[in-house]
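There are two complexes below, and they share chain A, which is joined by chain B in the first and by chain C in the second.
After this line comes the complex of A and B, so read on.
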């Protein structure tokens, strides 16, 4: 009897019991018609070869284990960062079930989004009825201050016109005429979730700056910050705000999910919490400058911003020493506010920590995968620590990203052997890790399959993280964030060292 | 459980009235048909009194998914030695990647492909020019990457049906080209009103593209059964299989948790189909009954009373040897059941439970709660049909609140007003519920636990419900300096 009430065994240990092992073996032998163990072993070994790698890289049509999602995921994330805002997706309802689950699994939070549930009849006649009813119902039930509409690929393929549909819905009094309903077309067959984020932020700003009323910019002293799609947004946005508050900068964070995706447990469910207010979003046209923290999440938005006469600056995820320096100096330059001594001390403490640990990092090889901005930041930080980024991969990275990543690697002797892989997936990375292995992998939870296959330890530092809890509640931005990233990397380095040898099982490292 | 006891019908009817008042008139009328309380009339006829399997109302935050989720996510995805293509844009496959916890034995990427996300990653040009050529090429590439695969399925995402691709023609061509099973599935997400049509379409694809396409050489036996519609969530199908084997049956196919294509192909040679999730695979059972004369029996392996009842019901289809063994199996596990009850029942007795799950569990798990002395006060299906609600009347008390395709708003209000001791639903519902201070277990994924099937699973089920309800954290929600 494998089970007992005294010590209940679940899947983790139950299936190790002899009764189950026997069941597996007998099922396999009698019923499964699987390939022989020898054939499996041979193929397993073959996938580790250069020959397999070449075939793998010759793929033109099949994508296997990509590290990217689709546009509307980024769009609903962007929309959630505004006060009292209900993200609304025009199209199939299944997509919305997926976005909600995907974000909830990472943030461990409720993710309210509505769909207007288009089905076959809408595929034939268009989704106008759905949007008229959908906006009315969503407004009545959930009492939002704003509804932000994006689309699924179904609505895009049949060519539904959001601008016209929303106007009709307002004529039919689904929502009051002056109720804000910004929108963005977010076809999932173009770009990725980072594109969707960009389109949606642009759509929201455009709504307030141009559609609601044609505003003329009256530049003041404030600056705008656009954080970009970030799984660590909860903590990173707070860290950015802390810096800006410390410096005495007036600012608007455009799209801030740090409250709504990190609500307390105290007996009340907050469907809406925090976020950029509508007044701030409207007023953001009057900023003297807009800083994007993630260039590749904001290409189109920054074009819009620049067209309003604002100064612009775009960074690639301010993580690490140089990236944080550059961000703070730019803020200082744009606002005339000095970087205070307290922040300089934080910087010094980070440098101190890296100095203390550099011997354990120097020359360690890393594979990094994730979104374009994250991978650039991670690579830069690894170079600063004397690590060697060997493979840098972004499934949703394009030519511009590739050029930037190559230039970054070329800027340091530690990047000399680094290779950049734009548009490749994690099955490509598997081949790379077998043929040109690294000491560590940095990426998302999807990397756990690579870790299992190759034995190379995974360090989870980017979205999505499903299988570890609460990482996103601590920042990776800024000097404090970099310190935390350093510690996560070091912990894996020391764990590997401890597990590798009984002789060098040192008490002090 | 005693169905003679009742839940508070008047209170629940009041709640329904309250939530409907918040809707605009048209939506209130539509939603009103999906909310009710279970009643039994004087003649003893029971009803849940709700309409079901109808389009969701736009904008209300339905919890439902789509046909693709029903086909790729539920029926096809677990078949381990086939490569399943998410055909269309990247998202659908990405969000469903490794999320159903269909356990299997095998080497990923070599002879098993369950925890992989394989997609044609449609770009704009594929929408404009069609994706058939890409699919054709992709199948060759996959066959080269994964030569030990036994077949390939094409799981259609929304655009496929809208742009007029002919995936059936591609499949026919590739069957010849690669000499393996290739299955086109028309499970575009806009079809139907929920996951449910995806199950049906997936069943039909097995009928049309798997059955009779090969001639499995197979020595049949008198006790051959198929274990149908157990997706092996957290390993569910394995304790189930053990029980069936212990009672002397030979499980020749597991559908589709931990299944190989061979197990699907030989199914029509079995003597009996045992179906767990009626909603998702009744179609293929009916087909096998009509075409191959294989009877089917619904069973329920959640909780000891239903397990014993089911073992006897299954055994009744066979001879006395099997019947005797079934009794031995029940007797063998009695001490374990007694231990589980002794340990957990005192901690769970009298606790109120609300469920909102898929197409089987809103009724199937209810007796497992009853076994532990808990009381189901409300239940509903994401994508149940009328026959599911009919079956539900055998499981729940009069006065139980019934909600079909519940909206986020309704569920939240019901939970807030009823204040159950436990809610069993999905990831989308989990965090809102917990923040209200109400214990919660995910009842799709078993909240990363399981298995819950069989006697071995019941111990885990009881432990998990206890953990959720009796966690010390619930007493810490209010800051002590706040007035009560």
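After this line comes the complex of A and C, so read on.
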């Protein structure tokens, strides 16, 4: 017997036992009705050809391995960043279980979200009852300071009106009349998680600025920062706050999840630990300016902000030298605070580190996939290091993103051969990697299948990262973050060098 | 005895510099007096170790405290096409009680253990400062071990305090001539066998050379010592010609091989296109003189013509990108002149070349290629002067070893490693193409424009 109680084998070693190998072999031979190995091999080889690539790119009906998630995922992420806030999803509970596990697998934290569990009768008669009962129960059970409502497709298809439903629920005293219940319609069949993030942040600000009371902006000296949907938010938000504190800037981070998705194990369960207080959210209308760290996560929100007379600036994920420079200089310009020497030194150290290693990075080809803002930042940073971004792909990238990415590649000779793939999925990327291979792939854990298929090493640098632990606890923003990204890339470069040849298995590199 | 040996090495008759000296100066030797308190390079032990370490199938056993082996263990990037044993760090790791009671017994036991365990064709035992100071007689221990165990155990008497790294290289050569070369008669000696002395197979670049030689029908018996096998080194005396690559390190060995076995030698280089061609011509010429078929000469010319044309053509695209770029060569030995020609062909200007470890002949060749401009021949440049040179923008790139890299980098100047820690093969025709490619890459990395600018918020509008 391969398994014994004295020493139980895990699945990694168990299935290597002869019994299992035999079992798999005989299952394959007798029951799988497979084509011959040769036929499978031939088909597999065919999928690596240019001919197949063209067929693959002519594909219209199916999306295969999309590198994006849906609106409510972004919405519940956005909601979690506020004080005492319970994200609440109006719709079917199955979707919500997905969001919770998706976020928990990445952040390794409990992710409290409630659903009002619409069922068949709700689909027929509308979800009003679910909202009325759901808000009442959630308020009574979990005692939040705010409930932020988003929707799943089910509610959107039948056309539930959140504004009216929530008003009715308040009339029926599900929650007190002055209890904040911001909301956003977040159908999955429109946009992606970045759209959902945008809608939800906008919904929250709109609630405090317009619905709770019609506020008039009285511009002060503070600035708002909207971080955007970011798998590294835990560390990145802290890094941004460190910069702003060092510069002596007064600020509000709108939707700060750095605590709630990274709570200590000290015996206390922190169900709510969003970093933005309700008072700050309300007061954020009085900021002098609002900076979005991720343009494509905040298009609508920034329109709202601008309509209140604030100055606005949007960046594409401040990672790398130029991107961090631009962010800091904008902050400095808006607030009149100088960038201190300590930050300038950090910058110098980053540049120094790149010069130390540039020979190892120079001309290396990369395929980058992920969200629009991340891919832009990653591409820019690769160009700064003399790497060649060969494929830049965002399943949730639109025309604007495509134009921006193309302009970015055109700005450097290292981008001359780079190609931009908006709206394409990871099965497209597979064809690209077989026909026009790169040295490395940068993306999320979902890239690991591409790595296995193509043999091109994957560097995990964006959400979701399920199969490696704690990456999100170290920043990618700013100069320190760029340094860490540099090291991640270099580590893979050196691992490949070590693995590829006994002759150059060198101690010193 | 060691003292006499060193004296002999310092008055090398095969060395042009030495011969040009007066009798009294010659007696003083060529070792530069080390200046206490000034930064200095490696010691004789280090020199001996790096010269012999590339022999891949033997045990290199360091008789001393941990520092000597611990700090040098596997830090040279010399390649192997077979055995890996040379990469293991073996040491007697002398401690307090060994210093008091003597370490000879421990050494003997260590030798026995490594032979029992690894059955190497030979063991090289390295003397260090500590074991020399306490009077351990490694020659006697090695002799006893050889007799009793039947495996050659070679003493390398180059304790650190006897002098510089270069002296250590030469003492390594002495160990080879005294104990190794000529101890085995091969059954397959042929008319086109050669050795290459002072070639250490850095980054495995001998592949490029071996391939060229193979196409000419020339067999490389062994390099001394890059990617070498002990038995090939022991049979090196049957080669028909020796090429000396790093002349300062092993010219004495070449001379002694000539005296003892009549093997002619020449100094050449596989760095640079015309130098590679010259080297191949010289090898073919010597072999033919010594009885190889004269058709080798025409075959050589054909290969040279073909390779040169191919290489220049392949380098053409780089011309436009590299023209006008100013290079500082900060290395030594053959590299001080051998790459100048190719760089000039690329339209690059060599603003200076250091001739620290170069012979008079090296210097003449370098001077010749620099159009007789003496100012461009520099000896050691003090780091602060070098820094200033880069600060003033007098060079666009430095090619050097790892130790001076930070001077360039901190002065915001690109740098390319052309010494032993590099990872690219620069030998032969293909190697030169690679060097040009690497220079292009280093120069065009976008980080250099970044590093020369202050932080953007420091720029006055």
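Just so we're on the same page, the second predicted complex is superposed on the first by the 501 of 509 C-alpha atoms of A that agree within 3 Å, B and C clash if a C-alpha of one lies under 4 Å from a C-alpha of the other, contacts with A are read in each partner's own complex, and residues count from 1 in each chain.
Assume contacts are C-beta pairs under 8 Å (C-beta built on N, C-alpha and C of every residue); 3 or more make two chains touch, one makes a residue touch a chain.
Keep in mind the model is a prediction, meaning the values are calculated, not measured.
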Simultaneous placement of chain C and chain B on chain A, clash or fit:
fit
Using the superposition on chain A described above, determine whether A:386 touches chain B (first), chain C (second), both, or neither.
second
Touch check for A:403: first (chain B), second (chain C), both, or neither?
neither
Tell me the contact category for A:167 with respect to chain B and chain C: first, second, both or neither.
neither
In the superposed arrangement, does A:189 touch chain B (first), chain C (second), both or neither?
first
Touch check for A:508: first (chain B), second (chain C), both, or neither?
second
Of the two partner chains, chain B (first) and chain C (second), which one does A:487 touch, if any: first, second, both, or neither?
neither
When the shared chain A is used to line up the two structures, what angle, as a multiple of 10 degrees, is there at the CA centre of chain A toward chain B and chain C?
110
On the overlay, how many Å separate the closest CA atoms of chain B and chain C?
36
For chain A, which residues lie in the overlap of the chain B contacts and the chain C contacts?
none
Would you pull the chain C residues touching chain A in the complex into a rising list?
73-75, 77, 79-81, 84, 203-204, 409-410, 416-417, 421, 423, 438, 441-442, 444-448, 450-451, 455-458
What residues of chain A sit close enough to touch chain C in their complex?
321, 325, 328-329, 332, 338-339, 344, 347-348, 351-352, 354-356, 358-359, 362-363, 383-386, 412-414, 497, 502-504, 506-509
In the complex with chain A, residue positions of chain B that touch it
22-24, 26-27, 55-69, 81, 88-92, 94-97, 99, 103, 105-111, 115-124, 126-127, 134-135, 137-138, 141-142, 144-145, 147-148, 150, 157-159, 161-163, 189-193, 195, 234-235, 238, 241-242, 245, 251-254, 258, 260-263, 336, 339-340, 342-344, 407-409, 412, 426-428, 430-437, 449-451, 455-456, 459-460, 462-463, 477-479
Write out the stretch or stretches of chain A touching chain B in their complex.
1-6, 8-11, 14-15, 19-20, 23-24, 27-28, 31-35, 39-40, 43-44, 47, 55-56, 59-66, 68-70, 72-73, 88, 91-95, 97-102, 104-105, 108-120, 122-123, 130-131, 133-142, 152-154, 157-158, 187-190, 192, 263-271, 427, 430, 446, 449, 452-453
